[in-house]
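We just call them A, B, C and D in the order they show up, numbering each chain from 1.
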Amino acid sequence: MIDAVVVGAAGYTGAELTRLIAQHPGMRLRAVTSTADAGVRVSDLYPALSSVDLAYVEPDVDAIARDAEVAFLAVPHTAAMGLVPRLLDAGVRVVDLSADFRFRDAALYERWYGAFHVAPALLDEAVYGLPEVSRRGIAEARLVACPGCYPTAALIAAVPALEDGVALPGRVVVDAKSGVSGAGRSPSPGTHFVTANESLQAYKVAAHRHAPEIAAGLEIAAGAKVALTFVPHLVPMTRGLLATVYMEARDGLTQAEAWDVYSRRYAGEPFVTVHSSGRMPSTAEVRGANRAHVGVQLDEGSRTLVVTAAIDNLVKGAAGQAVQCANIMCGFCETDGLDGLAPAV
Amino acid sequence: MIDAVVVGAAGYTGAELTRLIAQHPGMRLRAVTSTADAGVRVSDLYPALSSVDLAYVEPDVDAIARDAEVAFLAVPHTAAMGLVPRLLDAGVRVVDLSADFRFRDAALYERWYGAFHVAPALLDEAVYGLPEVSRRGIAEARLVACPGCYPTAALIAAVPALEDGVALPGRVVVDAKSGVSGAGRSPSPGTHFVTANESLQAYKVAAHRHAPEIAAGLEIAAGAKVALTFVPHLVPMTRGLLATVYMEARDGLTQAEAWDVYSRRYAGEPFVTVHSSGRMPSTAEVRGANRAHVGVQLDEGSRTLVVTAAIDNLVKGAAGQAVQCANIMCGFCETDGLDGLAPAV
Amino acid sequence: MIDAVVVGAAGYTGAELTRLIAQHPGMRLRAVTSTADAGVRVSDLYPALSSVDLAYVEPDVDAIARDAEVAFLAVPHTAAMGLVPRLLDAGVRVVDLSADFRFRDAALYERWYGAFHVAPALLDEAVYGLPEVSRRGIAEARLVACPGCYPTAALIAAVPALEDGVALPGRVVVDAKSGVSGAGRSPSPGTHFVTANESLQAYKVAAHRHAPEIAAGLEIAAGAKVALTFVPHLVPMTRGLLATVYMEARDGLTQAEAWDVYSRRYAGEPFVTVHSSGRMPSTAEVRGANRAHVGVQLDEGSRTLVVTAAIDNLVKGAAGQAVQCANIMCGFCETDGLDGLAPAV
Amino acid sequence: MIDAVVVGAAGYTGAELTRLIAQHPGMRLRAVTSTADAGVRVSDLYPALSSVDLAYVEPDVDAIARDAEVAFLAVPHTAAMGLVPRLLDAGVRVVDLSADFRFRDAALYERWYGAFHVAPALLDEAVYGLPEVSRRGIAEARLVACPGCYPTAALIAAVPALEDGVALPGRVVVDAKSGVSGAGRSPSPGTHFVTANESLQAYKVAAHRHAPEIAAGLEIAAGAKVALTFVPHLVPMTRGLLATVYMEARDGLTQAEAWDVYSRRYAGEPFVTVHSSGRMPSTAEVRGANRAHVGVQLDEGSRTLVVTAAIDNLVKGAAGQAVQCANIMCGFCETDGLDGLAPAV
């Protein structure tokens, strides 16, 4: 059994981490921290977690270093980079779900997140936690920087075509749609039920912080510059994220070839399903599960390759993927604690 | 490993049975039957069940008898009573989720379900599958008749007070609210998204078939006649069922005593949580989980005891409870395959 | 044209008042006040109100008295009672949507609202603004106290049977269900989309402030004491409120008689529809409209009369009813500005 | 008063036409036809339309020709083209909401709709019913072919930039999202609440019949060929449609210029609002209203102009726009019967 601590456990991602680790066959959940909710029992804040017999404690880096073999950081950006060096020094493996170590380039981080980076020396060491792209690096990492929810879906949808060359680098449009849990637990006018329900809206057009992260992943896959347009939308559902990706098809590409590229690329992946040719996934299929379902369709008329990827933003887009990374880092079977199916309906 | 077959597996309850049994540590899912969807792969009908490598087959009683040690019947009423005698004769244990064996009295069945009962000799043998009330009988049963979704929640809410006598038999009101999955998979005007969404409505007032089933359970608990009024409502959500039960409080009853009755009654139950005094459960807390969460509040002014019970209508209200009964019948740990928590949000 | 001002116009009820008055053929909307949003344009806060060419202003009682012939107060309780005497003194007619003038008895107000009443002398003069019950008084009133949303539906459902005597005073259960807009515009954990969506919960059992208001109305109708149990529930929809009322039926009452009582009682009412015998209304039918739809069903077995009433909590339960009262007070046709039908779906 | 008949009035679009015409100050609703629901009262099928005192009648072209000065056809494609010639011959003005007269080219119609066109001679005469583009033609038309819901939003979003030249013809992506009412009233697996709720999915990628209609409109605006990719999505809400349009920006284009093009283009339009620069509309803002709200944002990094347009698919996307066209054809004020605001929330 490996001892785990969740730092920042009272938010939605932290709560899902709590659920997954509490049920993990190889991990023991030693502590859950929260500054705002210290002293509150987990099952009082999240009655669904009725069998989790813990209360939130104030985060204390020494205590975490002492208790944890692996630490999951579900804290806001800027809060993680202060903790990470001290945890690594203490020999703790770190799975960071914040944005602090997602970029190689501190300047890019500082431009988009408006904060100085206090641990730039670790940016080179950190491995991007998208196992379908960087599994090998994760296995050897001390520090994994888990992708954002939008980048997870966008890259799973786009990478195979760009790597293979069936889609051209150049203009790529990622039109993404997320359920409201992606906005986090803090109540706000935009997450009020009355505002979000029965409504649909684009937001942060050309200004969302996940854009440079997606662009970086696309460019690695393509080996070339990509002109990305990323537009996220808020959708009236609790969970679920769909990325619809539009890429310019290579001359002569057929639907059968395009589908084949995806089918082969993800053949061995335990958590990715490529639907039969032309069939599109729904977010409901993956609700609560650590899965990505992918659909591939070439638009012959406009020579555009359309790929959609559906994930649960809190699981494959956050907590589940973090556990998947930890499984790889710690030598567990990659699917341990993550093989639950989504409810049938 | 015990071999299981799900008969009528293509409906919502059947699909949830498929999910739970496919993940059960002690059961092997040998076959799933469906008349309408024979030949279709499970994962094509329910993409969430991506890892279930089976196709639906026509139901054939000889094949079921050969393949199954335990058979789960998720077929409509009247369809089950023809199958059950032949399966029992073949030595198969049967968990019937239909209404066919819920009543002791064939005449009552015939009045409410409008059909002759073809196996009345088995009505006495069948055990009502509500483990919190009849666990001992289930352990020894060949045939378990699982409760309807509304009776499950209503009885969990009402039984402790009536058994103990803190609530008086007499007038009991059960105002129940269900998500739309309770209406089943067949598309109809009433289950169209546009009809059901953003709407709320009582239906089958004083005419729902679960009323006599609830009344029977209340009367056993109270040891006396009960004048039940049962009104179900359709609520715009996929899953979840809440029963709000109103009972006349015994003279002198206090909130502390009432809560104590529930707390003690359910202290050892693995799947029932009684919330702290006065706190009411939400259906979201139990979504996807085989759990019932209960809240207890005495209205001092009107001397009415109000108890609410929240369940997932497809799990504790159907498929999960059926697996719970099968665990008891087959000698498994009662929680095997059922310990998944609801998502935190 | 009569000049109107909405005080406290930035909340949901205030916004619906703004919409209705802006489209009213006989009223001119002179000002909308808001302390928190002073200076903001109405159409910036509520883009749906795109054609309302006003900005919120700080509430100033002298300005209101100068501008308004009729003032609508959509402020929280305790805020209204300070304004009302000064507005009445200035000759302004007042439609108060707060709770401040709903009770005859200042002590009852003080017990439930936890505040001293600063204008008790006006409690006798204020007329309860439920036109289906007190139309004549409203016509002559200077001050109308509009009912809460729950009392509106509960009383419309219960009053005819209690007045007529087909239901007995005694135990009355009101199980009510409201959409989330009833909780108001302030973001909170309970109104977060992720909390409220796909969930259902009873709240403030035996402790909701609308209980004494409902009880008072029932007792006036029955001419006797009533033991009311009132349990509100939060339902995952934006608008809509359904009250399900359970009353003890008079001996010998038939369904036909019960239905007839309601049908006759509401025959001339412009905003109440009694559905054909046994048919139950949905909240969607009245969405956005100033209407109440009523269904009546006697449960023969338990001798309980079940009546459900569906309203839009923000319209017939708040803003629409206020305009209806103002129409009566000001001598307009009662349906002026209120004849819009709900969308067909 | 002008006499109107709605043909095919029992579907969702027909029901909204019924509502709008019943409340229109200049139209008298003479008849509503339905083959499937003949004999049923409107208020029984749609309880929201409680004050509409009509029953559906079998469609009879002679009766329609006799009763109607203007006929609204809300029938499926292929059903309209048989009726239109006979109605025009009888001197009836026709507003056709089907696809039968939307294309100039019968071959294009036949390819996408799989049916021979029986009235190709009228294709040249029919005017496309998007007043913001073809108001003048509508004013003189006998026959107006109303756009589909997706084309309405897509063209309102794209036309100004293509007409003006601030966006280049070439690759245009229209990623559109619709509420479930767009799928029509017939119950089906895809419109079942349990399927559609809490889910999101692309469908008919590169295969939706609205694609050629959108392409035709874009090409007229651009005066050049356009390579359109159109992907519709189903969103878990009843009403509302958002089109997110991606166009290649002209060299040197600034955000201020782009916004200015839209602001000027729609300055006089009674039903179109261009939000302040960079602000994006939500579908809730226009729910139930005959409005389109537009947001404009240049993505400087990728030189892509992103424009979103929000409409109510059943109003500006169908019934409301049809009434708007009829107002223009009949010489009414264009906003007659259409000035209702969306509910504030």
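Here, a contact is a pair of C-beta atoms (placed from the backbone, for glycine too) under 8 Å apart; a residue touches a chain by one contact, two chains touch by 3 or more.
In this text, all values refer to a predicted model and were calculated from it rather than measured experimentally.
Distance from subunit D peaks, on a Cα-centroid basis, for B.
More C-beta pairs in contact connect the chains of A-D than those of the other pair, out of A-B and A-D. Taking the mean of the C-alpha atoms as each chain's centre, subunit B and subunit D sit 46 Å apart. Averaged C-alpha coordinates put the centre of subunit A at 36 Å from the centre of subunit B. Between the CA-based centres of subunit A and subunit D the separation comes to 38 Å, rounded to the whole angstrom.
Residue positions 12, 181, 194-195, 197-198, 236-239, 281-282, 284, 287, 345 of subunit B each touch two or more of the other chains.
Within the complex, the subunit B residues that touch subunit A are 12, 15-16, 18-19, 22-23, 46-52, 181, 198, 238-239, 273, 275, 281-282, 284-289, 291, 293, 314, 339-345.
Across the complex, subunit D is touched by residues 171, 173, 175, 177, 179, 194-195, 197-203, 205-206, 211, 227-229, 231, 233, 235-240, 242, 244, 246, 248, 278, 280-284, 287, 295, 297-304, 306, 308, 310, 345 of subunit A. Here subunit A touches subunit C in the complex through residues 12, 180-181, 185, 187-189, 191-198, 236-238, going by the rule given at the top.
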